[in-house]
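When the chains are written out, they are named A, B, C, D, E, F, G and H in that same order, and each has its own residue count from 1.
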């Protein structure tokens, strides 16, 4: 039991409860949301996972947080664009199935990379289809056969956020749409594509929070794992 | 001067100032926005135009308002779907050029008809392309050659409002997008397609108010008239 | 080809383009969103499907629309609570797999029934778990073993909308959350649970529009069908 | 009377009116909201309290403001995490009763510490239960017996803000919910948990402003003091 | 066990799970939120409580719902103003302590009566102080001595919602503020007083949802009961 | 003292506190905001004023409320357009000075009439300038000399709400702007003109609530009365 | 004419049109809104006024802008708190009458000083009453006699913004309310007090934009000037 | 084909798909939206256009991005005010016709310059009319004859955004309105002028996103090009 949960303390205050049994129970490594955590707290959390030899993925990790982790002597990989930090001390399990991550434009790439790297960490094969927005349909139509091969599609788009609707009409796999905060003015930090995606007239699409590439990938991988589990049973 | 302006009174209160010189000055007939006007006021306004023999178009006219006008013995045409009421006592001038009015779905037709009938009243040729939304791209692509023949394109769409962006990428004519209040939940009465259209990554598109089919058509016809005027000069 | 698409006309205006090939192509029957359609339009659409012998599901159908359809002599089933209308002239295909539809309270039942009846129409087995909201956790915990048997979970909740987060932490299947407009005051017609669900700290959950039980079920069934297709290949 | 109120001046302008009789009248020390006050003003206010030998608590005090106070030679304690600054020149009165401060995650700790330190300053016993969010119910259920011992419960949560509803269903003490601005995207700076908490279907819970740990603790202590007063009478 | 929970069915669907053990466990009778429930469902729920001889309070009950309940032969009291319906078949327990319910204006009375009748149902003594808004301070100051006698104060106000802040500065008891949807224009259905109350600079006040008189009273009574329980222990 | 305040009761509940000394103290008659008051309450309030022989003005009075008052035998005047009801049993005091009430369009007349009739009730001379919106500047410029004669200007406008800014640049008198809920779509019930007016780049203009013609007139008359008072002193 | 208007150029672009005749025409000096202007533009504008010997007041002037102006050798006074910059080369005209500027708290002082300094620049006598918020009514009541002596009252308040309503009920002079962006969380940058003030149930109050101390003072001085003008006529 | 599209790679990831055939197809040079692109990506994109000898316009380009481009040895022009960066390696095609760019104030100049420089890049003649806002109508009326000579009018305004409505009533050319984020408080980053413009009661005006000078000019030039094309055909 002791190695299944850890209660971290800082200055006499218990600030986090870690769940080491999660991987065995769910088949997925642990994940940490970095914003709002002090560098001290983040290092303590990662040290605990390292000691327990559990894989861990950190999202929205700032450069400062990464350097604190690195300076603490922990072995991690960090991607500046997506701000994803991944432990290298333990190999996460793999999944059968693939996820296509598509973006409307180049500016959506950081969120798309968060999705792509999360899906990889959770064990899925990943294909990237970036800059295929609907204002130049020929770019999307040129890639659609490849996208159709994926078991799940993640549509990452800011501005008018129409990529998801068009994709859901063109593929048979489930589509998870991720609005991004790319844009200005009446984009309102991603509200425009969020509303656009929620109101899609296309069937077979659901939505996650603005800039939540992680959440889309975690959901897609849960679909894949659930399928594996049923296939085995 | 007297026949160029009329100051209507009701119960000692002057509630409207009519502009009979408008047609001569701008080439367009007069238009009246009906909501908030009493039946008495609307009848008085139309009687004044009838006496002056000027064409007039009324928008968002309720069935009750129409019946009051009809019962007053005025000769008008009324379309229930678009709530457009048009005088038949004077023939409005015509324009050279055509406008394509497109909708995402069937539920957008009332707003599209407001646009189409306004454009006709202002003298333009009109083509209608309804139910060509982006969730089933084949429907739109099957009509695109015909739409490309128009001098101006009006894209009417509720829900995610992506029709305008896709159209603006496929045609060379200017595109005016009209968000509609069709939808529910996070559509927020048309806010979702409005934001989507304002944030379009497509070039060559502008936007009017939610459900403002009239405004889109009036703008399109101003473009056509401006062109005619320059061609003549 | 002719029997794969139908272009419906009303008063010289083409208001809808029907897609009869959809079922063969996607494995799902056609669906119609009723709001904003006139009774004449809806009857014409259903008559066309009836003639083509294709199954069709209508969502958010008003009692008035249902009576118009019934009076036109079409054979349909109508559920007042969910406002779902289903054709009985053709048997839709079935899916292997099951969907659990859960609600926070009794007032969420109409949206849940929209989801449940849609999932049934699309061929899934459905289990209903209503009135298991988080303010009385014992009710939810008493049902959790049964819910865990489902291949997909739909969490329908208004008010604070926390049901989805709690469920996603308790089951392994993908969870689709549906915010409902149940509530008053600062619920803002469902905005409160919508935001709550979008910001969930639980992994493995996505969101659809407020009151969109149909969309959640359509997505869940796309997951099931996609799995079947892969299993066969 | 002179020592019960002080009218502070800066550059000929009276910018603050201090109330030294407050402690005697209400049983609570004075509190100062720091944002928007210049360092000069804050130092002047604290010097006045120091001279009058009254305890004072400052909220949302920036590091810069703290250093200005320290450099002025005033004896204070400062907590960086919660940005609480407390005078050490006078001992505030104590209360009988205890407050449990709970958080959904680690990132909510700054607001929780504002609540916990305020409750201590006002004389209550405090228990801290951090990182017990609803996406992992076992963590909360493992602590619930201890939480039930408190006279008042403060539920601090960002993201979906469901902690308060679940707690209010599990304990008998009054629950004050504090939404936090932890999150991103459609969290809108804490609007999501605020709305979630206002719409809770749980009885026995009220809400304070986003990030207002101070206000929750002040209210809880007013409950405790009111009880003491009634017990004595 | 059987008489502690009841699972109500309608047309083969279980739509509600009743909790008869609640009164014994919490000291409070059961409550039912009526909007969104069909008349059939509400009658079934009340019949179950009647059979189990448990007291029950229904909030926001429409006149139609009341008549359905009455026609089913159930013995209840109904107040049109507050839309509160109360069972008369069982006497709810009483509390020691009193609640003052205050309103800014006459139009706030329906929400205030919801609070007052709920507090009475839960066993508290209630004093009513209506139409004492801050734009005419003399009215409030004339009543303040009486209000100070209460153990808890509920401040019900629409428009600018300032009553709570002023009251919290004048009394020592905890103040629960209830914003009301009274007003028009930029009141936005109660958002104006809600924000005003959340941003109060007064200590010792918390807030509930717009028009949630019930919630304020339920919280106040939880405070009183919690005090009783501690006094006995 | 007794005849200076009256405490009205209904069913044992005191629902209103009347202030008969107001006229003597402020120089203005009493005013009543009708929404949210039952017919019984409104009649009781007006009967009390009638007995006390005090003038009273009621705003936003529904036709139903008016008929209840009339059927109770009270002598009042009612204007359907502005929904203003005025007592005829007592003559209110008069002011020296005049107010110009201007509107952008005909649909703004109801709010303008609320302002105009309120200003008359409070004793000011009133000039009406309706339908002088900025999209046809010649109409406004044709009236500007007359408007300049007024001591205060009230600018009533919906839609883009630009009338106030233009007026404030053309006259020297203080301008009070009243946004109206006239419009549709992105007008959001008057939010568009409200924001427009609050952001005016014109000096010498302030704003009242959406549709609050009463408030603008009450403010204008306070300006006039204050001037009279100073002139006499 | 030449010295009545100046058309400023920068890099071949005319960026500003100055109005030197304004003082003669309106009795007020010119004012400049600084945000969005480059330092070069601001210096050019002030140099033109200096050459023309006209008084000028600049609002929301940053420290950087001030230093650019100072380094250009222009004689100005700058107040850091209110960010008001005033020319010293010309004496503005004076007015008869006084303005009371009141604030709820110390943090509102910057906006209040903007109002106070603007009113002084426009020639009014100014009294300051700071930190008299409604949560401690005794502070306000202690100053009310002095405030009643003013010809116009400006109520500056953030948070719940109730100061204006309470003041308008206590004084006879017109009250202009200024919401401030002081606060956090659900203050939404001043929206909370803005809505509170717009929905005030007090008569005789109007509102300006958030943090617009300048606008309130300009309006108050227009009232005073208008009175002077009438007195003379 | 190879030289018509280029697929840019960075670190193994394809982040952009370039369209070199665009100019031939549409008559317009390519445009790049800079925010969200890394300096590496932007340089790679511009190098590709430079090699292909195609003209390119970059919008909202930061100073840092410009320096990266310059340091890479690419020949470009950069305007700090509008943040427009233009290639100098290829001459873009020209259009017949002119565009008038007008602003309400000096602070709107950056957005206006974005429009003016875009229109120039696309080949139109441009006239600039800055600082002609509606609060001082004489400035606008003094320029109106010149503005009437343009084929399209762009109205750039923040604050109340009324410039577009007034212009559309005074000219015959189509008017495209651009709201700007100039302002503070209830401007909400440009929402106030955006709503004002969408609700304009003037005919012949459409709207683009807040601060989208580029979009307005692109649309205006599409109008001009469309006219040329028709004239030739």
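Some notes on this structure:
Rule of thumb we're sticking to: a residue touches a chain if its C-beta (ideal position, glycine included) is under 8 Å from a C-beta of that chain, and two chains touch if they have at least 3 such contacts.
These numbers were taken from a predicted model, which means no experiment stands behind them.
Note on connectivity: the fewest chain-to-chain touch steps from chain A to chain G number 2. Of all chains, the one whose Cα centroid sits at the greatest distance from that of chain A is F.
Equivalent interface to D-G within the set F-H, B-F or C-D: B-F (over half of contact pairs identical by residue number). The greater number of contacting C-beta pairs, out of the two interfaces A-H and C-D, is seen for C-D. Between the Cα centres of chain E and chain F there is a gap of 35 Å. Per-chain Cα centroids separate chain A from chain C by 27 Å. For the pair chain D and chain H, the distance between C-alpha centroids works out to 50 Å. Under the contact definition stated at the top, the residues of chain H that touch 2 or more other chains are 33, 105, 136, 185-187, 191, 194, 198-199, 201, 203, 209-210.
In this structure, the chains touch in the following pairs: A-B, A-C, A-D, A-H, B-C, B-F, B-H, C-D, C-E, D-E, D-G, E-F, E-G, F-G, F-H, G-H. Per the touch definition, chain D reaches chain C in the complex via residues 104-105, 133-137, 158-162, 165-166, 168-170, 183, 185-188, 191-193, 195-203. On the side of chain G, the complex with chain D involves touching residues 81, 105-110, 113, 128, 130-132, 136, 139, 182, 184-187. Across the interface of their complex, chain E is touched by residues 26, 28, 31, 33, 97, 151-152, 172-174, 176, 194, 198-199, 201, 203-210, 215-216, 218-219, 222-223, 225-227, 229-231 of chain D.
Taken in their complex, chain F has these residues touching chain E: 13-17, 19, 33, 35-38, 41, 60, 179, 181, 189-191, 194, 209-212.
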